[in-house]
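So, here's a batch of structures to check.
One chain, chain A, appears in both complexes that follow, with chain B as partner in the first and chain C in the second.
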Partner chain A sequence: MMNKVFPNKAALSADLKNNPMLRAEIRKQRVGASIRYIILLFFGLVMLYPLFWMFSAAFKPNHEIFSSLSLWPKEFSLDGFINGWNTGTEYTFGRFFLNTLYYVVPKVILTVISSVIVAYGFARFEIPFKKFWFVTLVATILLPTSVLLIPQYLMFREMGMLDSYLPLYLPMAFATQGFFVFMLIQFLRGLPTDMEEAAQIDGCNSYQLLWYIVVPMLKPAIISVALFQFMWSVNDFLGPLIYISSVEKYPIALALKLSIDVTEGTQWNEILAMASIAIVPSIVVFLIAQNYFVEGISSGGVKG
Partner chain B sequence: MSKVVFENLTKVYSNGFKAVHGINLEIEDGEFLVVIGPSGCAKSTTLRMLAGLESVTGGSISIGGKVVNGLPPKDRGIAMVFQNYALYPHMSVRENLGFGLKLAKVSKADIEKQVNEAAELLELTPLLDRLPRQLSGGQAQRVAVGRAIVKRPQVFLFDEPLSNLDAKLRASMRVRISDLHKTLKKTNRSATSVYVTHDQTEAMTMGDRICVMKDGHIMQVDTPANLYKYPKNLFVAGFIGAPEMNMVETRLDRTGEGKCHLALSSQMLGLPDEKLQKVLTNFTEDVVFGIRPEFIKLADENSPQDEIIRGTIVRMENMGAEFYVHFTVEDRELCTRIPADVVEAKLLDAIGKEQLFHFEMNNGHIFSKATEINISL
Partner chain C sequence: MYENHRLGLLYISPYIIGLLLFTAFPFLSSLIISFTNYDLINPPEYVGLDNYRYMMDDDTFYQSMGVTFAYVFLTIPLKLAFALFIAFVLNFKLRGIKFFRTAYYIPSILGSSVAIAVLWRAIFSLDGLLNNFLGIFGVEAISWLGEPVFAMFSVTLLRVWQFGSAMVIFLAALQSVPQSQYEAALIDGASKWQMFTKITVPLITPVIFFNFIMQTTQAFQEFTAPYVITGGGPAKSTYLFSLYIYETAFKYFDLGYGSALAWVLFLAVAVFTAISFKSSKYWVFYSGDKGGK
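Up next is the complex of A and B:
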């Protein structure tokens, strides 16, 4: 930050010697920056504390978790991880991991495909009553999901899809998450149409246009959509709770809850150890995709 | 054959705005036509209709004798260069150039050959593997032109292709595009070009003919020289030429025996016989007198008496080789271009002083004030 204001260090030190005003200015900036950083650091730590606590508790034996405030375990133990992984059921925790992926991956893919197609339609085509449909789309964003739970449950029961992952991801094939569609529409509206016109002249039809031109330019937005959907779906508790009834199909969210139900006292260290592992995929996926968030892929072709 | 014909072409937008008012235009095979006009004159709309990016409300467009109104852009045999290049950001230069051919299912070897050929023509060979964001503005524009060439279209369309470049680059690209047009013509390739711009230097230097548009109407279509020398109406006269033509609202006085005088404030200018005959056939009293700055000279002993006007110099702009000398004739301000050496010899410290000017009336124009039409042609 300092460097931005005074790019030349040599000149700066020379200036500093004989310019008390400048010195005062710099000190003011430094103090200001320190205060800002301290405040940010404090709130950052407050927010991260539960996470640290979870990690450290995962390494503590069960009796120590609620008896000591220290983040550092007195008796370091991996029992939580080992027992937690084996779970109280006939399956290991790995099974629940896979179960989660079984519905999260199709969910993400279907969301991306259907949302992009619908957004493309909204942003680039003249549709009768487009305004009305768009308002309807936005209205669905505001609709609380719980309102749909019972009718949806009944519908999937009639279709015989209970205790399968279909109810969890099938709706995504129809761009039912208005938020993502809306996000993509807004992104598309911000993109210049010249490239699409050039591609039209080059001979693209609407589908080729979407595949060759629009999708690559939408990449940052698509990755954001995929990322949000991935994280929200992994965290989803209510959906699996309603539709999945057999333990062998439980995803992580339900599996963690499973251990809490045991009557003879909860093995908190196991739960916390598994919870720690459970957030790893989300973090990894986020770190991988994070670069694409920043990459403004369309900027290069637009300006000189 | 790739002649382009507009017949009574009309565009009305869905909100009822009439952008193009039934224009008729023929662009000859191999011709380089520049369409020029102020912003909002529908020059781009017209071009986009020709490209097929904008629907046609009325009339017809034909390319090479075939009406293309309902055809999608790809079936019209056109290629277009956009103002902001419109390169595909995720494709390399090579892929950008070959994309149209790839869609047309041309074999890989042929694509390679044609891309290389175009790259050579435009000196893009070393850049073929770069992405658009790694190119400078001029390079990007060359790729955009290359993309058009690779397609071997019947008609090239340019939509203000140079307006995003800096002045120097613009000048060199201007020459390049002109040369390219000539090269294509020489090698018997279709080279009919429609070039939309608002820059009159581009129009004057590049066009075989220039089409001047205003508010969805064609004002005049002619060669650059004719457009400059014989503007058909007030708009064309004022739009073409820098510094602008001097325009003075005035009266045309018949002064017996078929003579006419123009009143410039209290001073009079006589009309030479040739102009007089033409003016008399369309005689109207309220007129606008126009004369280009270069046709106002410093008066000398050879200047005819009825072409001399007394003015007061108010300002001189040094343009290097010449000066723009602004002077007032009573309440009107006019401008003339005078070579630097003449200024140095005769006009040092002339600001604020009176000076006699010779108006070369043979090169003047008289426009009817009511119809804005040039009645002296």
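Up next is the complex of A and C:
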């Protein structure tokens, strides 16, 4: 019975010629596999076509963009990139790129450091009211951030931090994104503690344990946290929209919104060229490190 | 592992400080601000429940709330069903699984960015990609972003397009369903569909629930896509609640009313989440000692 469904190849070949039922079963499986491939290819194409189209549109002259569905430009043109890069402002798009990094990099670094320290505390120590703290951690993940937006804005205004990047990354120094702490705690709980115990007997204190033993073991999870935070921060729009007001400090997200507002959607080749440039870093980072994304998201999700 | 309470507190102290300073304090402050009129220029003025009373007669409030719930109820089932379906198809021993998983995941990585919202505008605008494509079949140009129903559809589709992260979580769950369960069902003569509905789905209900909660909390807060693609229009048909809060507070500088709106959104989400958790008792099955408590 089992062999019919999951045939093993060696035993199969002899049987194959004179067993019509087996042959039918194999055909059925092949048909099943092809249907699956067709489904996957079809939806994959439908989903990714817009992205490919955007990249190709960036190389088309403006009048060609909407006149053909073809992914290959009839008339190859770099105007979109050149004009788009110069932007309608006195700054180039490169400036907006750098601006983005000015807060994304500190954000990622602070998130990693604070989340690791806090997760270590949660996973390895007895803490008074630990259950309560842990519940607040989960609650903050589910809390709609819009309820915090206005008072936070007033706080940062009081501290004179408006139109700077500080409001965007300062809170990260305090492990304020519960999701990452939660992810690291889950990962730490799954790690054996015997190395730490041995090191403790050898006289290591808890900071040494954290730095020399826990951090190296946590490395894959740390990379996941850094990658997710990088992606989310680069994509973030509402944060910069509220806190950054002068164009010289605009990150990519605001610059793109500005360009589409200014041109009222007429210079599509410029806009799409800059949109393409804006997502290239994310795509490259994702393709290089995709396993960390998949591991990170499925360990946080499934074990949670 | 360590008994030292003080040391443990020291390690989580950044979290506690952050919780008090950046979450608890703003959380309570916004409740207080919601009882005031505050425009950033004049000092806040206590007005009691006026903001909430005003809300009861505010057409935009009802419109925005209705649109937000419609958005959530449209996107979440579509997105989760699609994510589960593709995960199910991927969960056979197929060659090239990794390739497809990557391809399907990319939109989730990029989806919430302004760049993609801009692309969406290019696709759904009157002379955009979609109308060009439909034109091949002789369909007349449809005003995707100009008609309320279609505009909602276009914005919804962007979120459904990002089903990849939910799919990856489903796929990991499907792969952890023990093979022996299927073998036993096979001997009993179960069909593929029966195996899926009677074995797979019940075993992964915790993950379905997890995805459901995470996706709904995000969907209730959606901002970038409607703000960039439609600006909330036409006729406020895509004016999601976070747009209303943002514009009230940061465009019209009515911080008191903005806070009141934010608190109502918080309460709506809290009630919704509470109902979800209560209902989970009836349809989420935690197998023995694994997880759940």
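Here, the second predicted complex is superposed on the first by the 258 of 304 C-alpha atoms of A that agree within 3 Å, B and C clash if a C-alpha of one lies under 4 Å from a C-alpha of the other, contacts with A are read in each partner's own complex, and residues count from 1 in each chain.
Note that a contact is a pair of C-beta atoms (placed from the backbone, for glycine too) under 8 Å apart; a residue touches a chain by one contact, two chains touch by 3 or more.
Because the structure is a prediction, the values reported are computed rather than measured.
Enquirer: For A:52, decide between first (touching chain B), second (touching chain C), both and neither.
Expert: Neither partner.
Enquirer: Could you tell me if A:132 is touching chain B, chain C, both of them or neither one (first, second, both, neither)?
Expert: In the superposed model, A:132 contacts neither chain B nor chain C.
Enquirer: Please work out whether A:42 is in contact with chain B alone, chain C alone, both, or neither, and reply first, second, both or neither.
Expert: neither
Enquirer: Quick one: is A:121 in contact with chain B, with chain C, with both, or with neither? Answer first, second, both or neither.
Expert: A:121 sits against chain C, while chain B stays out of touch.
Enquirer: Which chain, chain B or chain C, ends up touching more residues of chain A in the combined arrangement?
Expert: Partner with more touched residues of chain A: C.
Enquirer: With both complexes superposed on chain A, which partner does A:151 reach: first (chain B), second (chain C), both or neither?
Expert: The second partner, chain C, only.
Enquirer: Contact-wise, after the overlay, does A:211 reach chain B, chain C, both or neither (first, second, both, neither)?
Expert: Neither partner.
Enquirer: Can you list the residues of chain A that meet both chain B and chain C?
Expert: In chain A, positions 197, 297-298, 301-304 sit in both the chain B and chain C interfaces.
Enquirer: Taking the touch rule as given, give the residues of chain C at its contact with chain A in the complex, in rising order.
Expert: 1-5, 7-12, 14-19, 21-23, 25-27, 29-30, 33, 86, 89-90, 92, 94, 100-107, 109-110, 112-116, 118-119, 121-123, 125, 127-129, 132-133, 136, 161, 165, 168-169, 171-173, 176, 183, 186-187, 207, 210-211, 213-214, 217, 220-221, 223-224, 227-228, 241-242, 245-246, 249-250, 255, 258-259, 262-263, 265-266, 269, 273, 291
Enquirer: Sort out for me which residues of chain A touch chain B in the complex.
Expert: Chain A reaches chain B through residues 192, 194-195, 197-204, 208, 212-213, 216-217, 219, 297-304.
Enquirer: Which chain B residues qualify as touching chain A in the complex?
Expert: Residue positions touching the partner: 51-53, 72-74, 78-80, 82-90, 99-100, 103-104, 131-138, 140-141, 147, 151, 164-165.
Enquirer: In their complex, what parts of chain A are in touch with chain C?
Expert: Residues 1-2, 5, 32-33, 36-37, 39-40, 43-44, 47-48, 50-51, 53-54, 57, 65-69, 114, 117-118, 120-122, 124-128, 130, 133, 136-137, 140-155, 171, 173-176, 181, 193, 196-197, 206, 231-232, 234-235, 237-238, 241-242, 252-254, 256-257, 260, 265, 268, 271-272, 274-276, 278-279, 282-283, 286-287, 290, 293-294, 297-298, 301-304 of chain A touch chain C in their complex.
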